[in-house]
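Got a structure for you, written out below as C-alpha cells; questions coming shortly.
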Amino acid sequence: MKFGVVRFPGSCDEMDALLACRRYADAELLWHGDQDLKGVDVVVIPGGFSYGDYLRVGAIARFSPVMGAVQEHARAGGLVFGICNGFQVLCEAGLLPGALLPNNGLRFLCRQVEVEVVNADTPFTHGSDAGQVLSVPVKHMSGRYYAPEEMLGEMDAHGQIILRYRAGFNPNGSVADIAGVANEAKNVMGLMPHPEHAVDPLTGSTDGGLLFESLARHADALAAA
Amino acid sequence: MSANATVPAHQALGLTDSEFELIGEKLGREPNGLELAVFSLMWSEHCAYKHSKKLLGQLPTEGKHLLLGPGENAGAVTVGGGKAIAFKVESHNHPSAVEPFQGAATGVGGILRDVFAVGARPIAILDSLRFGELSSGRSRYLLDGAVSGIGHYGNSIGVPTVGGEVYFEGPYEQNCLVNAMCLGIADEDRLIRSAAAGVGNLLVLMGARTGRDGIGGASVLASAELDSEDASKRPTVQIGDPFEEKRVMEACLELLDRGTLASLQDLGAAGLASSSSEMASKGEVGLDIDVGKVPLREEDMEPFEIMVSESQERMLCVIEPAKLGELEEICERWEVRSAVIGEVTDSRRLRILRGDEVVGDMPVEALVDDCPLYDLEPTAPTEQIYPAPPRVLDSEDPAEVLLALLSSHNIASRRPLFEQYDCLVGSRTVRRPQEADAAVLILDPEEGNGAIAVSIDGNGRRVACDPYAGTVEAVLECAANLACVGAEPLGLTNCLNFGNPEKPHVAWQLSESTRGLADACRALDVPVVGGNVSLYNESGDGPIYPTPVVGMVGSLTDAALAAPTGFRRKGDVVAFCGEPMPHLPGSELAKLQGEPLPTELPAVDLAAVRGWQEAIREAVRGGELSSAHDMADGGFLVAIAECCLAGGIGASLDLGDTPPAAWLGWLFGESPGGFVVSGPTEAIEDLAESIPLDRFGTVGGEALVIERPIELSVSLERMREASGALAEAFL
Amino acid sequence: MKARVLIRPKEGILDPQGQAVERALPALGFGGVSEVRVGRLVELEVEDPSRIAELCERLLANTLIEDFEIEVADEVTP
Amino acid sequence: MKARVLIRPKEGILDPQGQAVERALPALGFGGVSEVRVGRLVELEVEDPSRIAELCERLLANTLIEDFEIEVADEVTP
C-alpha cells in the first residue's frame, strides 16, 4: 500500500504529510506538473498555499496537471485525502461539496482544537468510533466551511459529514461546526485540521495518526481482496 | 535625477560634502548620476555601518561552535552530527512604520533570504516588536498590520514562527520596531559564502522582475529620521510575494544541493548595487552588469533605478558558464525567472552597461570599503532623557497589583498575537509558544534526534535606565530562557535599534550597550555570529528607548526533557532559585505607577548568574524537574502566576514569617538571575546542591495563594482573565 | 479590449469583511452607511470578450458562493 | 444611495494576485488575456455620498499602495 503526497510549488506541509504517511505505509511525493500518480493507492493533497492561494484559496491549483489525474483516480473509486489547503483544492475541483470561506475572525488562526468523529464508517475513519474526540491543530485563514442548506441536508443524509468541531472549538464559523466532509461515495475526504501534525507525542498529540492508519489498513484490505 | 532645486543632488541623497568630495577622489572624476546614486546607498548608514562599525569590533566573534561569523549573510554554528544552524536577526523598522503589513512581511522575506543565501533551509522565524501604548489608535494599527504581515509571509512560505516578543511604550509611538529573526539548517559542508569567484563566470539574477520598488529606500527610508512628510515617501513601499520567494528558495536550495552555484547572495537594501558590489568585494574581483538584461516589471526604467531598486524576492548567483543549462532547468521546474545579467571580471571594478554603452564604472573597493567611518561622540546625559510614563495604577494591594501586572500589555499573554502564526509547519516544534521559556525544535523530524532551543529578548526600558546593565540583562534573559529548557548557548545574533548616533546621548547609549553586549557574551562564552544595526529611530518626540534585541540559539541533549513553563503536578514542591536583587525602579510595576526611569540599574555578577543558569540547565537535562521558568518582567510573583497559568493549576506559598520591609519591591521588583522551578522533593533537594534555593510552596488548587507573611488569594480564573488583555488589541 | 469583472459574495452568505467595515465606521465618525459588502475586482485586457463569462465560471469566481458581473469597455479612455 | 468603490493596486506596484492569475490562464486554454489586475470591490448604502472619498482614504483603501474609484448610482435598479 502506498500514499502519494502531491507537491505544489506553494505547498507547505507536504513533507509533514509524507512523514505522517510513512509511519503507516510507503509514501512518496507527486509533482504537481506530472500527470502520473505512480500507482499510489491514496492521494494526499497537503496543506500550504498551493499556487500562492491568490484570487481564492485552491482556485488555481485545481487546474494543475496532477489534478486531472487525481480527478480520474477519484472517479475510478481511488482514495483522495485533502488536508487544509488540500480540502480547499478538492472543493474547488468539485470533488467535494461546499466551499471554504475566510474565517469569521478574518485572521489566520493556529491552535489545537477538538473534533468529534461523526461518521466512523469510512475508509478514513474506520479505525475510530463514532463520537470519538480527537485533539488536532488547525492553522488557516480560510477554513469556514459553507454549503447551502439543501446540500447540507443531503450530505447529512448520506453520512458525508465526517468530523465536527466540538462545542467551543469551532475556530472559523464553519456551518454546523463542520471540520471534515466526504463525497457521497466516501472515497474522497477533506478536512481543515491537520492530522499530520498530530502523529508524534514529541511534537503534540497522536490522535491524527488514526486517520492515516485507517487509510493504510483500508487500502491493504482492498489490495488483499 | 532631479533633486530639490536648492539642494545639491549628493545632499539630497544623504551624502555630506566631504563624502561627496571623497567619491570624486576615488573615481578620479565627478560621479555621474547613476554612480552618485549607487555611492549614496553604499555609503549610507544602512549599508556602510559608518557610525557603528568601530563599536562592533569589540564583540567576541570566536567560539568553539562557530562556523560562519559576522560578514556573511547569516552567521552559523555547528550543532553536532555534521549539521549547522545559520541564523540572523534584522530590522525593518522604518518600512513598517510607513506601511506595517508590507513592511513587516518584506522584513520576514528579507531575513529568510539572508538565511537561504548561505545554503541553509529556513526552519524557524521569531519576531521582536515594539509599539507605542495600545491606547493609541496608531499603535493598534501598526501592531495589527505588522503581526498580520509577519504571519502572511511566514505562514504562506511554510516556515513556522515559533517565538518572539513585544513591548508597548510611549517612546515607540512614532517609531515602531519590527525585527525578525530566522534560523536555517544545513549540512556543515554545504554552507556557502557570497564571494564572487572565477573570472569569466556568469552573474545570474533569479526571481521577481525588477520594478520601481523602494527606489532610494536604503538612504531615504532606512536612514533618515521619520517626520511628518512620510506621505512623500509613499511610492517606495515594497510589496512582498511569499509565493515567489517560496519558489526562489526551493530553486536555490536545489541548486546548492547539486553544487551548481559558485556563490549566492540575496538582494536586500540597495538592491543590485549592494549585492553585486558585496559579492565582488568579498571575491576580490570585478563585475560587469548589463542593466539591459535585467527583467523589468515596468518599462523605461533608468539604469540607476534598476541598480538600486529594492524589488523583493530576488537572488544573485555566480555560476560557471557550463552549468547554465542546469540552472535554467531547475529554475524552470520551480517556475523561477532567471537571466544572465553580467560576468565576473578581474578589473575589481563594478561596471554598469546598457548594451554596449558604459553607464557607470566604479572601483569595488571604493564602494564597499572606503566609506569614511565616524567616531561617536558619546556623552552621558546628566539626567534621564525619557519622560516618566503616565501613572495608571494607584493600588498597593498585592492582589490588585498582581492582576494589574498580568493585564499590562507588556506582560499579558501573547496568545492573541502568536495564534496568528503557524508554529507547527515543518514538524520540528517540540515546545510551542508559551509552553516553555524558549522554543524547542528537533533538527530532523524523521529521526527525532538532536534539538535546539531559541529565544529572542531585549527590554528597551531597562536599557533606557542603564544601557550597559540593561543590555547585559537582555543577554542573560536569553540565556536563562535557554537554561529553562536545558539548552546550552551556542551563538548569539543581535539587532541594535537606536536613535540618531550623531546625538551625544544616543552615541553614549549605543557605546554603553555594545560594551554590555560584549561583556555579557564573553562572560557566557557565547560568540556573536552576526546581526544588524538600525539607527535614526527617532521622531519629533526624541529617540526610541535604546533597544538591543538579542537572539540566542542553544543545543539540547534530549528535546523530550525540555521543561515546560507551567506547573504540572499537584503536590510538587515550588522553589525559587538563584539570588537576584529585585529592585522596583525600572520595573514594569514602576511603569504602571508612573515612576520616572532611574539612571542606573544594580550591577550584575555575571559569573554567578552563569553558574546558576548552568545548574538549572543540568537539572532540566536530568529530567527531574517538572517545570522551570525565569523571573523577568513583573518580578517574582508574576513569574509564579505565569507558572500557574501555563499549567492550569494553582500553588500555595509560605514566604516565612518575617515580613520583608518592602514587600512590594520584593514581590514585583525585577532583576536577572532568578528562577521558579517545581518538582518532586528529591529533585528540588538535588538542585539545592548547585544553586541557592528556597523551597516555599506546593503546586495545587485553583488559585495562587500566599499564606504568610501577607495573605493573598487570586483565582486562576481571575488571573486568566487579566492575562487575556491583549485580545482587545485585535478586535 | 478592457474588461472588468465584479465578484461579490452571494446574497445570504455571511460577509465578515463587510461586517468589519460596518463595525469600524462609527468610531471613525461615519454614520449613515449600511449594507457594506466586500468583494473582488478583476480587471483585464482580453482579445475575445465573449469568453469572459466562461473564465469567470471556471476560475475567477466560485459560483457556489459568489456572483459575478462583467463590464466591457469598448472605448478605452486612458 | 448605493455606491460602489473599486480599489486596485497602484500603477507600478507589484500585484502578485494579478500575476498569478495571468500565469495560470494559458494552461486553462485562455489565450489572449493580459494585464490582469486584482483588486477589491466594496459596495455600500450611504446617506451622504460626498463623504465616500474620505471613507476610502481613511478605511477602505490603503492609499499607500492602492488607488480607488467611486461610482454612485442615483438610480438603483434592483
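Brief remarks follow.
The first chain written gets the first letter, and so on, giving A, B, C and D; residue counts start at 1 in each chain.
FYI, a residue touches a chain if its C-beta (ideal position, glycine included) is under 8 Å from a C-beta of that chain, and two chains touch if they have at least 3 such contacts.
Predicted, not measured: the structure shown is a model, and the values here were computed from it.
Looking at A-C and A-D side by side, the one with more C-beta contacts is A-C. For the pair chain A and chain C, the distance between mean C-alpha positions equals 30 Å.
Spacing of chain A relative to chain D, judged by their CA centroids, is 33 angstrom. Chain C and chain D have CA centres that are 8 Å apart.
Rounded to whole angstrom, the centroid-to-centroid distance between chain B and chain C, based on C-alpha atoms, equals 40 Å. Residues of chain D found to touch two or more other chains are 16, 20-21, 24, 28, 38. Within chain B, contacts with two or more other chains are made by residues 241, 243-244, 335. Annotation for chain A: residues 51-52, 54-55, 60, 63 touch two or more other chains. Pairwise, the chains that make contact are A-B, A-C, A-D, B-D, C-D.
Looking at the complex, you find that chain A touches chain B at residues 9-13, 15-16, 19, 33, 47-49, 51-54, 107-111, 137, 139, 141, 194, 196-197, 200, 202-204.
By the touch rule above, chain A contacts chain C in their complex via residues 55-56, 59-60, 63, 92, 98-99, 101-106, 144, 146-148, 173. Across the complex, chain A is touched by residues 148, 151-152, 155-158, 241-244, 246-247, 250, 333-335, 418-430, 442, 445-446, 448, 559-560, 730 of chain B. Residue ranges of chain D in contact with chain A, taken from their complex: 16-17, 20-21, 24, 27-28, 38. Within the complex, the chain A residues that touch chain D are 51-52, 54-55, 60, 63-64.
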